[in-house]
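In the two assemblies presented below, chain A is common to both, partnered first by chain B and then by chain C.
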Partner chain A sequence: MMTAPAPEMTTETDPAMTPLLDLSDVTIALRQNDRKMVTGVSLSVMPREVFGIVGESGSGKTLFTRTVFGLHEDTYLAGGTVRFNGRALPLNGYRRAIKKMLGKEIGYIPQDPYSSLNPSMRVGRQLTEALYLSKGYPMRSQKAQDAAVALLAEVGIPEPELAFRQYPDQFSGGMRQRIVIAIALSQDPELMIADEPTTALDAFTQRRIMDLILERSRTRGLAVLLISHNLELLRQSVDRLGVLYGGQLLNVAATADIGAREIHPYTQALFDCVPGRDKRLADIASIPGEPVGAGFGTTGCAFAGRCAFAQDICRSAPLVTNTDRGTGFSACVLGKGARHG
Partner chain B sequence: MTYILQRIAFSLLSLFVLVLISFLLSHIVPGDPAYVAAGPNAGAEKIAEIRAEMGLDKPVATQFFIYLGDVLRGDFGTSWFTHQPILQDIAQELPPSLELVLVAMVINLVVSLPVGLLTARFNGSRFDDLVRLVSIAGAGLPIFWTAILLQQKVAADWKLFPVAGRLSFEHRRFEGQTGFTLLDSLMQGRLDVFFDALAHLMLPAFALALLFTAVGVRITRTSMISEFKKDYVTLARAKGASEGRVMFRHVFPNGATPALTVFGMQFGWMLGTTVLVEEIFGRPGIGRYAVKAVTQSDIHGVVAVVFVVGLFFLVANLVVDLLLYAINPRKHLEG
Partner chain C sequence: MAEQPVIELLELTKSFSSGAFVQNRSFALGPVSITVNSGEVVGILGESGSGKSTVANVIMRLTGFDEGSYHFRGADVRAFTKADSFAFKSKVQIIFQDPYGSLNPRATVGASIREALILHKRHLSRAQMDARVRELLAEVGLGSEDPGRYPHEFSGGQRQRIAIARALAVEPEVLVCDEPLSSLDVSIQAQVLELFKSLIEHRNLTMVFISHDLNVSRLLCDRVYVMHKGKVVEKGIAQEVLTNPQHDYTRQLLEAVY
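Right after this comes the complex of A and B.
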């Protein structure tokens, strides 16, 4: 199959490479009642790639990422395969296996900087703890302290020596998110996951934090998995983009393709309702109909209830599954947005 | 620093209110104190004389300030049944009660904090259900009932602990400087007395602690659960911290803060509750003293006990708040 990779991708990724993170047919269920919340997700993140996941509120972004990275208490991986650097993790005891990689190969940035730092622990200690856990630096050692101060400087904290001794509530939201980023960077991960890292911040700070994440990860050569409900923000930031809806991954597209060629109907609809863009669907500021949340529990395409192209077959036929690596795909049963050479 | 000053000012204000309440109790409630003080056979002249002597003919406000001065000097008057200054009675009766409360408080903390933390961590597990059941039962049992049951079963039937009293017969002449038998016996190197006193304390302290511990476990659990839900716990796990590190280094210090405030209040409540336990286990203490004062209609004795318990309540809360401030000064800036 011929593909037309986006300009960034030709330099950043190569389909023949081993993906850093490779999910195939991943299904996630609730521990409590085995309800399937996320079904059949296949995607891969290449080394050094910035991969976005976009989805409306309730689509399962947090549930999905926290489960895949062993940080969700109430869910489990009910099916599929997760590979990291080519090595498959066992489905039984998955959480234990992935947890061993946390703070080493994998770093995580939670959504809300106001609650993601321990309020009663000094900033410096939260950093030296991270250094201790990933590199074994003794927490009170000069080496750990110097490294922590250097990291605070690296993420743009003014007066890093002072910040080292301060408590989190002495910082603004943007500064706190910088500290959280410093913590994630301190552990030298290969993959950094950021779940809505800027949603709690004002628009100006959002851009600066996003730039910091992108710039630091590029310099350090990390791959980033960036999660957001904001398509515009992701379009400006990522190489490729996965679209999550009702717990299904409907589309993976190169950012450059969005708005430039036919893409999955849901992604197109999301793109069309970005405010300030001339809309092909006149006067529609949002997609009609109620969004379907993760775990909605029907077969077929989750978007069928709102899709302008929907036919009966959409509600019964299995979705198209993603088989290619490092390119893109559309799950549309009718083949809309599929790449045909 | 402003926080400390504010906190102390608040305590002083509360103290003033406490004095006001005890003034009202001792001067307004008993009807005519001069009449009571004069005894049943006194004539009107005698009563008027006593009234003047007690300052009762002065305006209420003046009386209050005289009373305030007396209380600040520690002058609560003279007891009608011990014929000693009430302050001296209290000084004698307080140590055994404080000893009881402190041991009960240790039991409370040693059980509540770890059990609260673990039930929060394993929220919804069988262990959590079991603890919930036990604490609801514990909170529902009346203290006097627990005390009698323990005395009958554990002490009288099983003979595991002494039935009553503060010390065994052979140690009855033991004397110490502080009045705290546990402390005095250690200072004198009398381990036999120490363990004897401790054995006498166990059942009363347990009976007193049960209700408070049941509440303490629930409060700690609630507070810890809300901490476990916060993102800093997720971040700590994402950093690769073990569950033990997450629980003890991250969740516990934050979750213990609101719980400690409740424990501070419990200290005062416990002191006010010793009466039941002291009666049943025949221990000296301010609880028993209060009962005697009530039965002897010694209003000043009763008021003094109320005042002292209130004072300890204030002090315990102040100490806890200052302690929390010392642990983490920043937290208090937000409000």
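Right after this comes the complex of A and C.
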């Protein structure tokens, strides 16, 4: 039925249209028993795009992120292709290959600012070490020190020269997270992974750190992959959103569509649960039942058991995957939220 | 109109002796004045470190206070006799944030709830107690086989329901909820929010709702107190304070939340 591609769909050679990160049918399994936890995830993050991944606890979002970026030892990439800047990474020795890119093309901001810095090393040295590893600046050189101080200033640390000589425990959680961001930026990455970067922080600090990440992304032309359980935070921060549930990618939606257009029933149900700023008590509708964990498999929709629209076909049809990786995608077999139908 | 408040804290202060490892932190509460009237849902809101949990602990009499006064239904809690204190425990109940830590892992759910009945509802026969346990669990949305199961067999949301059933077992006048939703996933949070809504409607509960979640508080509370650094910076009708705040701190906090 599809006719000629729409005019805005340009050829692969257009650098603006080559996805920075392109995942095709990615399946993640446990090393222990080869159980497939995350199945058939296809999505792409464009250059300069801020892309979010949302999921409840157990949905597989952390497993997914940590495996794709080589940070998880108990899981492996069991199938699919990961491309970075158009280059496919080998499935064999995937972890080694992606780890080489981590700290260079890919920066990573972990969740807990309290455990991600070395408590016995001065902040300055942690930065100059990162600069040595990514850019080869000699660690004690003036060049490395100047670059480190400039980075601390860039992430909004007051008195960066002083901070350079201090230890992590002399900083609050928010300030530590800024230092972690400075370290991630020191490598001039093209893609920044932020895995629940503000969950450990209070509301004010959360907002400031999110603002910092988004502002740095705009200024540096940096793509960001933001993982969170907080739908409202993502809705206000990212351009597009991938929704994971039971280890399945159920929806990729432009955040502007959430609450405005038909989206996948799970994303809609999740949005209806969130006590947002403009909602009344009557607007809040809970989802019956309990969330299913990652590893639901590829037969049927993981959300069918809780979905208000579910029919028999939802439980038996094979999982719909996002093969063409267009801007939007819905895995709903009933066609709900499918914009390209 | 001149009905006596259920809980009345007047110019109450509390200071902690700071240990050798604690620096630069204000550990004082107050002076705060907080009133909770019968049938009201009162929110105590603030960031971590604002003193809101200390208020909960003072109300529960889990911790003492320095200056000021605390009256429960007009009676000075400092003048409580042993019998008064025992009776107080069945009148005020608390639900904690962590449903994993607040239930005895080695007792079945039924035994945990029955324990409260044995202490405070001694006139009931064993069969009546069993029936009551099932009624309570049904009220919070759990099944009839559940009394025989152990806490680890339940999910976080279900455990929070069990904690609620247990708190309700003694038919308290006041239910203090210390961040009861914040460890739950959104879909489960909405379920428990609906449960609170129905409990408030059906039981005419007086509730003290301690929370950092301004959106949930706006939906659930009648009145709120906004705390900052141990003091109340703003108080009033929940809807008004949380949509049109007057104090700078509340305004900034509202702008910060997602």
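We take it that the second predicted complex is superposed on the first by the 307 of 341 C-alpha atoms of A that agree within 3 Å, B and C clash if a C-alpha of one lies under 4 Å from a C-alpha of the other, contacts with A are read in each partner's own complex, and residues count from 1 in each chain.
Criterion: a contact is a pair of C-beta atoms (placed from the backbone, for glycine too) under 8 Å apart; a residue touches a chain by one contact, two chains touch by 3 or more.
Note that the coordinates shown come from a computational prediction; the quantities given were computed from them, not determined experimentally.
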Worksheet item: Who does A:136 touch here: chain B (first), chain C (second), both, or neither?
Response: neither
Item to complete: Using the superposition on chain A described above, determine whether A:104 touches chain B (first), chain C (second), both, or neither.
Response: first
Practice prompt. State whether A:116 touches chain B only (first), chain C only (second), both chains, or neither.
Written response: first
Worksheet item: Looking at the overlay, does A:93 come into contact with chain B only (first), chain C only (second), both, or neither?
Response: neither
Item to complete: Examine A:187 and indicate which partner it touches, taking first as chain B and second as chain C; both and neither are also allowed.
Response: first
Discussion item. After the superposition on A, what does A:236 contact: first (chain B), second (chain C), both or neither?
Written reply: second
Item to complete: Could you say whether A:56 touches chain B, chain C, both of them, or neither, answering first, second, both or neither?
Response: second
Fill in: Common interface positions of chain A, toward chain B and toward chain C
none
Response to the item:
The answer for chain A against chain C in the complex is residues 56-57, 202-204, 206-207, 229-233, 236, 269-270, 272-277, 279-281, 284-288, 290-291
Worksheet item: Touching chain A in the complex: which residues of chain C?
Response: 47-48, 155, 157-158, 185-191, 193-194, 197, 212-213, 215-216, 218-220, 252-253, 255-258
Item to complete: In the complex, go through chain B and note every residue touching chain A.
Response: 230-232, 234-241, 249-250, 253-254, 257, 327-328, 330-331, 333-334
Worksheet item: Which chain A residues qualify as touching chain B in the complex?
Response: 66, 69-71, 99, 102-104, 106-108, 110-112, 115-121, 129-130, 133-134, 167, 169-170, 180, 183-184, 187
